[in-house]
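Working notes for the structure below.
So that you can tell them apart, the chains are marked A, B and C in the order they are listed, and the count of residues begins at 1 in each.
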Amino acid sequence: MKPIQQMEPLSPTAFERLRNNNIIQAWLVLILTLFFGSSLAGVQMTLGPKIEENKLNETLEKIPELILGAEGAQKLAESGGKLDVTPLSFVVDKPGKKAVYNVYEALDKDKKRLGWVVKTGGQGYADRIELLLGVDPEVKTVSGIFVLEQKETPGLGNKIVTDEWRGQFKGKNTEKSLGVVKGGKAGAGDINAITGATISSRSVTDIVNTAVADLKGPLTAKAEGGK
Amino acid sequence: MADQPTAAERFIQGILPENPVFRQILGLCPTLAVTNGLKAAITMSAAVMFVLFCANVMISLIRNLLKPHLRIVIFTLTIATFVTIADRFLAAYVYQMSKVLGPYIPLIIVNCIIICRCEVCASKQGVVAAGADAIGQSLGFCLALSSIAIVREILGTGKIFDIRVLPAVWPDWVIMVLPPGAFLTFGLLLGLVNWYSARSQQTAGGK
Amino acid sequence: MLSYLIDIFLIGVSAAIINNFVLYYFVGICPFVGVSRKISTAFGMGCAVIFVIAIAAVLSWTITAYILMPGAPLSAYVAGMFMPAEAAAGIDLTILSYIVYIFAIASSVQFVEMYVRKFFPPLYKALGVYLPLITTNCAILFACLVIMSKITGVDNPADAWDLGRALTLAVGGGIGFTIAIVIMAGIREELNLCDVPKPFQGVAIALITAGILSLGFMGFTGVDSGLRKAMMPKPEVVAQAQPATEAGK
């Protein structure tokens, strides 16, 4: 790049000329700014809604699978039906801070509550893990989890997104916190850790346990009160 | 003014002889960051091609109005606008890929390749030459990124575009899709390119 | 208070060492490869970058929180003079973020350049053209982008980062950049005395060295989640006694 050129010292009479020049010189920048500003505004108006839709769909399209299971979701899609999904927000008081949870209430076409999907997250091994947790209407069993975002080690902690590891959560009872065991010998209230990725497995299980513990009360209250 | 390269020359130069990544050593940040998959590498190259082409053409159109000490401001403004447009486009039409590329699309604004091309070519030559230069340099960029991405993806996961390429007995060199693999692959390929160009210069000089 | 300090500490350590800006996120590679030939210049460059990144982070946090983000106070106030209050509250200027950030960075670099020229003339001469080139240092724009995503990209407004966290991330990132560039300069000074094969001399061997450095730094993965577990008070996983309130849509 060319080095910035030094300006020569000015005589007093030239000062007026220069002052005019500065304002005149900036006209191109001003015109370009207006032009670019309006084109950006146009882009925002046309593409903004589509991007919002994309963000929402990311969560919404996973809900049938989480509530009904893979076969149930497929049957629903084939029959052309849709779940009625209402986004809600719950504030839970915890020591030190308030936790706000985004919960989606899934109703079928007869307005019967099929379950809840909670969007939650927490610290994983490498970075934050975001996931969707599906529970039945009484928050008694887990109907499934889906990992939205993770940055775990590829080939090891990465396996938390696979269907077979996630599938362990289906049908687990929520009365007691789920535990994590190594060696593949998990009982009914435990999850098998991924070999070589115990911390990632524990992080996901902790996130699920915390969300269930926080929301069991409020969701069952809403289920009974709202009916 | 001395004879400036023609449009065709600009185009050809950009692909291999003046390759932005391997010869000019510019734009290293995306080269290392998005090359852990071929799909991400190609999407990034497409975004850079869009921004570089639009910026070059626009600067070339207003080249006679540029004042020396305001030109960097104008370059920056133009590039930042086109990058914003490209970023929104990707978020609207290929949302998953835009999440994978994440913060590296806005980082195109400070990608040295684009400012360098605006300065060296677009502010001095006509629209056709500037456009050809943009396309040539972007193709060179795409070539460089793809070569690194292919090596990293095949050695790291055994697949390209989800198609298994290496036999299943291959133990995936996971390190290749992690940061160290990026540096090592790029360094080794750069050494290879240097060796090849030194050799062809030798044979050309020796004749 | 304590958990805030722990959070700040973890953000800083994570940005500086565990998720090092250069060796993990690949930002700031151009000066990393270009200015790392001598330890003294490298350290000077690192300090200049810390200075610029801190100013740029403060500027971008303030502008994002008060002007750019959806429903930001200042923009809503100004828009409220032209539009009904409801439409004004939803005003979203994030489309202008990238342009605003790059100009904030350019101004910070200008300011730091004046400061260095006045108080550290030998450093100014040594850095030469690389000082204004800090504008194109990806690390600074990357820090601004991370701050933006932590303000506008969170579902829960209570989780949005405040100025303290933003500044810690920026300074931590700058310190990480300095650590990486000084280590690289030390290694390259040694490499000058070695017999490097011709094709690899210069940038190629620097990159391979960076790869091995990055491998070393990978050993720090998971330290922040371990630290967080050790330092944070144990969360109660038993159901709460207090009733929770349901917030409206």
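Definition applied: a contact is a pair of C-beta atoms (placed from the backbone, for glycine too) under 8 Å apart; a residue touches a chain by one contact, two chains touch by 3 or more.
Since this is a predicted model, take the numbers as computed values, not measurements.
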Chain pair, most C-beta pairs within the contact cut-off: B-C
Chain centroid nearest the full-protein CA centroid: C
Where chain A and chain C are represented by their mean Cα positions, the distance between them in whole Å: 23
Approximate Å spacing (C-alpha centroids) for the pair chain A, chain B: 31
In chain B, residues with contacts to at least two other chains: 73, 77, 81, 84, 88, 178
Touching two or more other chains - residue numbers and ranges from chain A: 1, 4, 36, 40, 43-44, 48, 153
Interface hub residues of chain C, defined as touching at least two other chains: 95-96, 99
For the chain A and chain C complex, residues of the former touching the latter: 1, 3-4, 36-37, 40-41, 43-44, 48, 87-100, 102, 119, 123-127, 153, 177, 199, 203, 209-210, 213-218, 221-222
Residues of chain C that touch chain B when the two form their complex: 23-30, 33, 95-96, 98-99, 102-103, 106, 135-138, 141-142, 145-146, 149, 197-200, 203-208, 210-212, 214-215, 218
For the chain C and chain A complex, residues of the former touching the latter: 3, 19, 92, 95-96, 99, 129, 132, 155-159, 221-222, 224-225, 228, 233, 235-240, 242-249
Touch list for chain A against partner chain B, complex: 1-2, 4-5, 25-26, 28-29, 32-33, 36, 39-40, 43-44, 47-48, 50-51, 54-55, 58, 153-156
Touching residues (chain side chain B, partner chain C) in the complex: 25-26, 28-29, 32-33, 73, 76-77, 80-81, 83-84, 87-88, 103, 106-107, 109-112, 115, 175, 178-184, 186-188, 190-192, 194-195, 198
